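In what comes next, chain A is part of two complexes: it sits with chain B in the first one and with chain C in the second one.
Take a look at the complex of A and B:
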């Protein structure tokens, strides 16, 4: 294959990887490569030097006091299969299971899905509704960032060239007495597998016994330059009891939260109808109890 | 009593009962077999049926078989190319390399309409490792490609008519250098106003693609008094259908290897017609046909995309090889292949069809506008098939069909499985459902009232269908298999956001080539009996994944009474067999088989006397079956065929035989479209069951039931594989594969966004096979490659419309298309009006 790459470096530790990224301007980290290799071949991204993260030890899922920590090198397949993710963050498990198809899921990593910064990244809406934060490292140290603040635009993050995503924190949910959690991920595309989302949505709601929505987070992919939280809609719904007119109003308000465009996958009008449909179905499940 | 065919397993179709009207015709047909084929080599059908798998045969050399062996016909022996393909051992063009071989690349136009003021190759020549950069002036012969017409240069000189027009060709020591140099070729292109809509292209004043005008040709079928028929109709449906094109999406992109040898040249190519390439290369290099040898490489899928098109890359590689004196290989990458190779024609189909109050069709007017792209290619032949397929297998007394071939600056229309028939079938079956709805009839019922049968057997071309007409039979069987009756009562409620629908479509497929292509419709075979009793077979028709090697092997083994494992069928090579035309039009097994049977018949004029001597009987009494030559009717008097072969060798008797076949001449009037367009026809019916999410426009094809009159089963696995593959490929065309263009530039030239089905999308497929005694090819077999494709997307479309209660007249039925068809009926349509 015609890949314009001069050098591939294989650091054996995180410290070594960060050192290489600091020393070699133009170096780019690579994990599963399922996005990057295609983009390098097509000339959509460039890299003189690739820093292969395979031996850096960023894979793995562990519990911490604050929640579940998923290493950036964890594969989609491992995330989708992890019992803790499946029980506590079902939207993320569902999203990871819909990235590409199984062969892709076995290579693609969570860090790569974030670093690639696709507006259609399937895991991002699920992570957004989970209130995820990313831990970022460089040779100078570590910092933590709410996931929402990571993305700058299509294919662009606020990461500095020498920085690396090392893990993602999913805060634990404390569900009070009599509360129920509704969490969903839905992906819309013209075939069952191996498809880029035309629209995807994740939703999380905590509903009190009296039907009042205590917390609601809604996030969409492929409807804006980055995956987005539907903040206006969330504000509309929070602390209210869902009824027909509120549901109706939400479908109008959510249109302000998204800014879809016409592209080869669908016109903006289709995406707006899909956003309304997915939100309506999610709210129906929230109301159903 | 009608003889039964040998089948390794019971014929699936007979396991279930047909509901509805009792199908009688097939039964009748079996009692009076029509022998319409005049070919003398047509063998008597082999004897008795059995109901178990044969298993490996080890002939007893002492005694010979006690029971007659029915042979492999209709069975499921392992196809000869299966193991090497599954194990990755098959050598495709991309696996072939020769010492000193150069790599070719193409410099192509990125715009669709321009005049060329100059082409500059100096930067390309300067790229390291580049050996040769050639333009039109370097062509020693004619700068022409194109199978039928001469409107297409190999390398453009003055005018660009579509994206992908070749400006220059490059050979270099590495593929990377070759493509880098190709990108470095610059052309001074002066933009012209292009035309990107075939309907607009027909209008006066439109920019023209060729000086002769944009409407290249119009084909007609005219029958009956239209004015009177219009008056008789009580219901008339008018409709306009917009049917999209399709890429072949073969696994292996275009590729070939050219090897110069002094004053002659060998081409090894991924292709469906080595003879087309032979002619194209000879013309471009100015060589005699005999100086050009074309070997078909194992080919990773064709579907029509490797019929005419491979002549273009082959001529490019040949030119570079000729000029450099070195082997040159050209391999397309997928993005280039998607943009520049031929496509199924996008078409606009306009209908005005009328029926009387009982639903009997009175007339059908069809006007089809086929988007040929920048050159005519095979578009006229595609239009000929579309033209006579426009009405389907229905009895319509008055017909007025027009099919226009129109130039645009869009993608290059070419051959694709179905060849014009899928587009018009999609429209015809949609209109039938609309008529049924207008009349309050069930879609099944309106088809019952109009389908051709033993009494009504005249096609729109005036041709009387020969043999049994099993259109009603396949209709009843497929709908019964799908559970049509009662489906609507059982239709599940939509609590899962899904609505279920069912749709039906028939197809009438004219097997092999249209009257207009008769001169290409012949085939050649060579059969060589080896001294050990094994057999070499050469045919001129290609294995492109469809199972032609399997079919040829089965037919040769059946005819010679040997085990299929003793028969080796080798890839076509223009130096070993005569020009057999293209492997298209579902004619592979048919034409290979007939030529093989002729070759075997001729071989037996020398084999039978030797066997007769060994058996002490008359040559006319010799029968070949179960690996033995034996005295007919006397199980004990047998000698292994290997012994007969050894005896022939020791006596120096000629054990090589050629075979030849062509169908009988037919009469046809191209001005009126009346006459025998095809020799014989296959009939099939598909029923689709779908689940549609109307709010998201998502279509899931849940099940397709297929009933086919195949004439005779040659190899049951290959047959079922063709039906399954045809259904899945047609589902992709009908539901998800779109070719969006902007000024002739394809907007989704990768498999990321050109959405073909994956295994996860494949529906449940139920197959019912009917065998019949009408005219056909070897042992009565008809073609299956295209009948398996054509009635699928139309059945799916009708099922989707049944589920939604609306018409969707644009193909493919992508989510945005379905949602757009719903319009204001979408429950959330109002959100589009919300002020933001």
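Take a look at the complex of A and C:
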């Protein structure tokens, strides 16, 4: 069945795309379409005019002085396979390889995962622990926003209708002498692939030679209206050496910190257990060295 | 009334042009406008993989692709996997030989994704399973599909 839209515009450059969005209020960008096509089909979103980003040139991953820059049009498949992402941002590589299944990953883009603003968007916790920033453009210029400030609620961002996400910056990590980086992404659901997360978690820790946790960032998806950092738990763990009692305390604190929700996919009680279990496994990796 | 959109792309090795309503999905263009009914619609929501085709060499679910957006791209359907008409891709041949086909509804999608896995020369069974996990088959139990993948990979190396 044809999608209920009026027309598709196919700009050949970013400037042209931004001009079209400025001129046609009500136009909506489409990238891979793996969220939007389903929503249009089911009548959960409506659009008269689609602006197809396929030829706008937003795909690609490059190194910059400040870190790795991933274009909004880059597919999950390309992110998961990229050597620099795999070695420097392993949580993101793992998350991208867990978005839907392969035929979805070959089409789904990073910009679409952010633009759709699902509380369960798998790349978001991985980007949050990496301290990511998004570059946003409109016909009038560009701005940069910490990723945490992009989301307004389930399915809603703070983007204006005439703005596009251009890229995501992942700041480089400088590891001091004897430090090690532990980074993980884990997702829980009824099946490994093609499943919306019931809970997902990304964690990053930098551990000094004496076992002290110098930095820790923890982020959870599918537990709240937007993906969230577990800041109280991070504060509890930071600058300490992980031992049995600290680990125990962290598992209690994280459940209050994240305050999981009830919904169709799972009750809050299950999510609390899952959140604590995922954190426990991450801390085991941190302690193992 | 939806506007009609012109789209030109390479379909199974041949350059083709179509005029379709703006909201047409690639799946419907293939089946209704191009008459290539090998590609099947199961869920229409990206979940089952029956509609999988190769877009610029990568498997995608054609039920989620807007036809207008494949302008200038290369699309290969199950009909075109083996190259010339009537020829089978080594993985299609292996599916026949191992008995990896029962009712056949998933088969076009499985053949397309499988051919892409063979092209990447993936040897790790866990990685093969991850890549094929978007193609649901309710008949075969997958054992013979994986046997066919292995056979096609070996055939490739034997060359």
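The working rule: the second predicted complex is superposed on the first by the 288 of 289 C-alpha atoms of A that agree within 3 Å, B and C clash if a C-alpha of one lies under 4 Å from a C-alpha of the other, contacts with A are read in each partner's own complex, and residues count from 1 in each chain.
The criterion applied here is as follows: a contact is a pair of C-beta atoms (placed from the backbone, for glycine too) under 8 Å apart; a residue touches a chain by one contact, two chains touch by 3 or more.
Small disclaimer: the values here were computed from a predicted structure and weren't measured.
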Is A:255 touching the first partner chain B, the second partner chain C, both, or neither of them?
first
Touching A:196, do we find chain B (first), chain C (second), both, or neither?
first
Output check: A:100 vs chain B and chain C. Expected answer is one of first, second, both, neither. What do you get?
second
Please work out whether A:269 is in contact with chain B alone, chain C alone, both, or neither, and reply first, second, both or neither.
first
Touching A:280, do we find chain B (first), chain C (second), both, or neither?
first
Same chain A residues contacting chain B and chain C, which ones?
2, 38, 101, 192-194
Spell out the residues on chain A that touch chain B in their complex, using ranges where they run on.
2, 38, 101, 188, 190-196, 198, 251-252, 255-256, 264-267, 269-270, 272-274, 276-277, 280-281
Going by the contact rule at the top, pick out the chain C residues touching chain A in the complex.
2-3, 5, 21-25, 28, 44-47, 49, 52, 55, 58-61, 63-66, 68-69, 71-72, 113, 130-135
Write out the stretch or stretches of chain A touching chain C in their complex.
1-8, 10, 30, 32-34, 37-38, 40-41, 50, 52, 54-55, 75, 77, 97, 100-104, 106-107, 192-194
Enumerate the contact residues on chain B facing chain A in the complex.
175-176, 179, 497, 695-698, 700, 735-736, 740, 747-748, 752-753, 755, 757-758, 760-761, 814-816, 819-820, 826, 828-829, 831-832, 834, 836
